[in-house]
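Same chain, two partners: chain A is paired with chain B first, then with chain C.
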Partner chain A sequence: MTTNPASSAADDGLDRRRFLGAVFGTSALLTLFTVGQTFWPLRKLALLAPRRPDVGPQGFPVNRTAAAAGVSESSMSPDYRLTVTGRVSEALSFDVDQLRALPQHSAVLPIACVEGWSTTQRWTGVRVRDLLTMAGAAPDARVRVESLQQRRSYRTSDVNPWQAHDPDTLLALDVNDEPLAPDHGYPLRLIGPNRPGVMQTKWVTRVVVR
Partner chain B sequence: MSSSAEVEPSTEASDAPSGVVFWVGAAIGIGIMAFGVRGLLENSRATQPMEFSKWFVGADLLHDLVIAPVAILVGAIVARLVPRPWRLPVQAGLFATAIVLAVGWAPLRGYGRAVAVGNDTVLPLDYSTAVATVVGVVWLVVGVWLGTIALRRWRGDATAGDGRDPRRVSAPRRTPPTR
Partner chain C sequence: MKLPAVLDRPPFREGSFTSPLHDERVAAILGIALGISFTVCFATGLFSHLAQNPTDWFRLPSRPAGLYRVTQGLHVATGIASIPLLLAKLWVVYPKLFSWPPFESTAHLVARISLLPLIGGGLFMLFTGLANINLWYPWAFNFRATHYWAAWITMGALVVHIGAKYTTTRRVLGRRVLGRQVSGRQVSGRRTSRRQQ
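Presenting the complex of A and B:
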């Protein structure tokens, strides 16, 4: 670093370079105390973060609760069914026990929320591609999953053909070997790679093949 | 917060906007802004343009009418009260404290809890303690910094007469700590 001989004013305090240094230093400090909301090893340092990736039911955060989504009753109802409809050769319908009787697969995948937090968990459930095969959907099928949630945005999300055929794209029944908590989408949620958290749709009740 | 007019970089020595870089930059920048405004209006149900405008204009007013005058006032007081070699650490500490308070304001006030009733994972921490802790870290760093300056001054006094400008010895140029 060169000194500026003309500037005794520099010793007065924050000149431009030092100001930028202060901006950089303060940014680094704030990053240190917030990055833990997405960087697991620093989670205990996330003092200023609006979320903690280890705080919530089953040990991770919730964006919208079952109560806020208005699905507290419908998600617990014995009448709950998952249906697979649309461009299929055979429409399917499953209750929770029948879903559990299908081949189960696990994937370790993150929920990465645009709010800034993320959390990686081990999910277990039915592969979307297995359901598509059972229903006789075309290989290039696009899929839309629909939630029990009736109102507001993000009650549905689209799954493109690549994601639909990825072995890690699941309709999950379990997280870390426990049934999903109501706020995490009981009985069934979508979880797949390369998707924003808000499109890991919870309380899934319908798969529409298009 | 900069107004859009300040964002355009001028690569010329003069302040008058000119040159290929300026106009290309302006075209790209205006294009991006137009895209943003289009999105703002097209998705008005989600973006709520009136709320956005309130924040867009409000942030400028808050800066120009409150934050800048307070910063100038505090700066003037510090320049008067704090002698030269100690001034930089104190200014840097105040700067960092202000930013930490600004960032901590929303969680401190619990903004967001009201729209997430029943969701205990929103703002789950004790943010008063958190802000106090981070500000404490800032002033710990400032304290160490001041201590270092005091030590150097004391050593500088001890070696006075070696031909160097004692003030420069006592207040050596250094970058602020990045922690």
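Presenting the complex of A and C:
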């Protein structure tokens, strides 16, 4: 507070510039110490961010673990199957070995979480469009993938025709040439270009064509 | 207008706020920064909403592959960057709460009422967003739906506020150098007689 009547307008101007500098500086520092959660070169500075993009199983973060989703047993069960059903000419069913016997493709794609963190990994698995072709789905088919998890939000996600026919939209078995960790969606997760992280559904067990 | 006797004391009495930082130019500069950050945050948030809730006229393309990463990174970053800007702005202008008379015209009354959804909405958006990125939900309502609709209310109030403050902002930022004016106006709208003594 400036109560000295001798204080000049120039001093007040200096106060204002310093105040604005402090406010914008605080804003800039907050950004600097959080943006590393999605901007890889600054990841080591992400001290104030909830997550660092290089910390977690297989070197990247997890929002919902297999235990939290209640799929610890079902995802590891020998009874696990991926089924392709709905508006198809031939319903399909695969166990994990059969999925691995299908043509495999790799794509380097980010998971971009709605909470602001992101991480780029190399994913390998079966193209969604190959599965649709095998099942005889129509070219304009819309697809819904369903997770093993029984409750809570984001159990399913929709894949529109543009996404479904993108050659990089995969049902991934591997990340960086290792099978997915349980918390990353073992045995199978959806990963596609330009999708919100919550729609990169983990523990996928069913593809419904509509 | 003369203050009623019962209110003739701080913080209502003229000259109760003596800091030169309660200044229209400071408020205008912070306001412009917040206008930009809230607009970017709203646009990227709307994109994220549409990505998760496609409509007849919007369907998420699969390319560019990293688009959502950029828009959502911007959404969270502009939200976080807005926190100190909004707190500072509220502190700069809060003496206006005690200005007398409470309103001078119908337009002034509408502008003041629109501050309720603007300030309440702005604080609500930043708090719920910050809690959400920490996966902390200390409330009973659905985060996504509430954050979405509160954004429309906040941005509607922001449009009204920009309209109400456009002339003032042009006037106070038209001057050349911050602080060079001999007789500035404090945000209460009263002349700062202190500097003219």
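As a working rule, the second predicted complex is superposed on the first by the 194 of 210 C-alpha atoms of A that agree within 3 Å, B and C clash if a C-alpha of one lies under 4 Å from a C-alpha of the other, contacts with A are read in each partner's own complex, and residues count from 1 in each chain.
Simple rule for what comes next: a contact is a pair of C-beta atoms (placed from the backbone, for glycine too) under 8 Å apart; a residue touches a chain by one contact, two chains touch by 3 or more.
Source: prediction; values computed, not measured.
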Which superposed partner A:Gly56 touches (first chain B, second chain C, both, neither): first
Contacts of A:Leu131 with chain B and chain C, given as first, second, both or neither: neither
Touched partner set for A:Gly13, first chain B, second chain C, both or neither: both
Partner chain(s) touched by A:Leu99 [first = chain B, second = chain C, both, neither]: neither
Greater residue coverage of chain A in the superposed arrangement, chain B or chain C: C
First (chain B), second (chain C), both or neither touched by A:Thr65: first
First (chain B), second (chain C), both or neither touched by A:Leu47: first
Chain B versus chain C as contact partner of A:Thr26, first or second or both or neither: both
Partner chain(s) touched by A:Phe39 [first = chain B, second = chain C, both, neither]: second
Residues of chain A contacting chain B in one complex and chain C in the other: 1, 3, 10-14, 17, 19, 24, 26, 28, 30, 50
Chain A to chain B touching residues, read off their complex: 1, 3, 8, 10-14, 17-19, 21-22, 24-26, 28-30, 32-33, 46-52, 55-57, 61-62, 64-65, 67-68, 153, 183
Residues of chain A defined as touching chain C within the complex: 1-3, 5, 9-17, 19-20, 23-24, 26-28, 30-31, 34-35, 37-39, 50, 63, 109-110, 112-116, 118, 158, 160, 162-163, 166, 168-169, 192-196, 198-199
Chain C residues within the chain A interface of the complex: 18-21, 23, 25-26, 29-30, 33, 48, 51-52, 54, 59-69, 72-73, 75-77, 80-85, 88, 132-135, 177-182, 184, 194-195, 197
Chain B residues within the chain A interface of the complex: 46, 78-79, 84-85, 87-88, 91-92, 95-96, 99-100, 103-104, 106-107, 112, 116-125, 127, 129-131, 133-134, 137-138, 167-168, 171, 173, 175-179
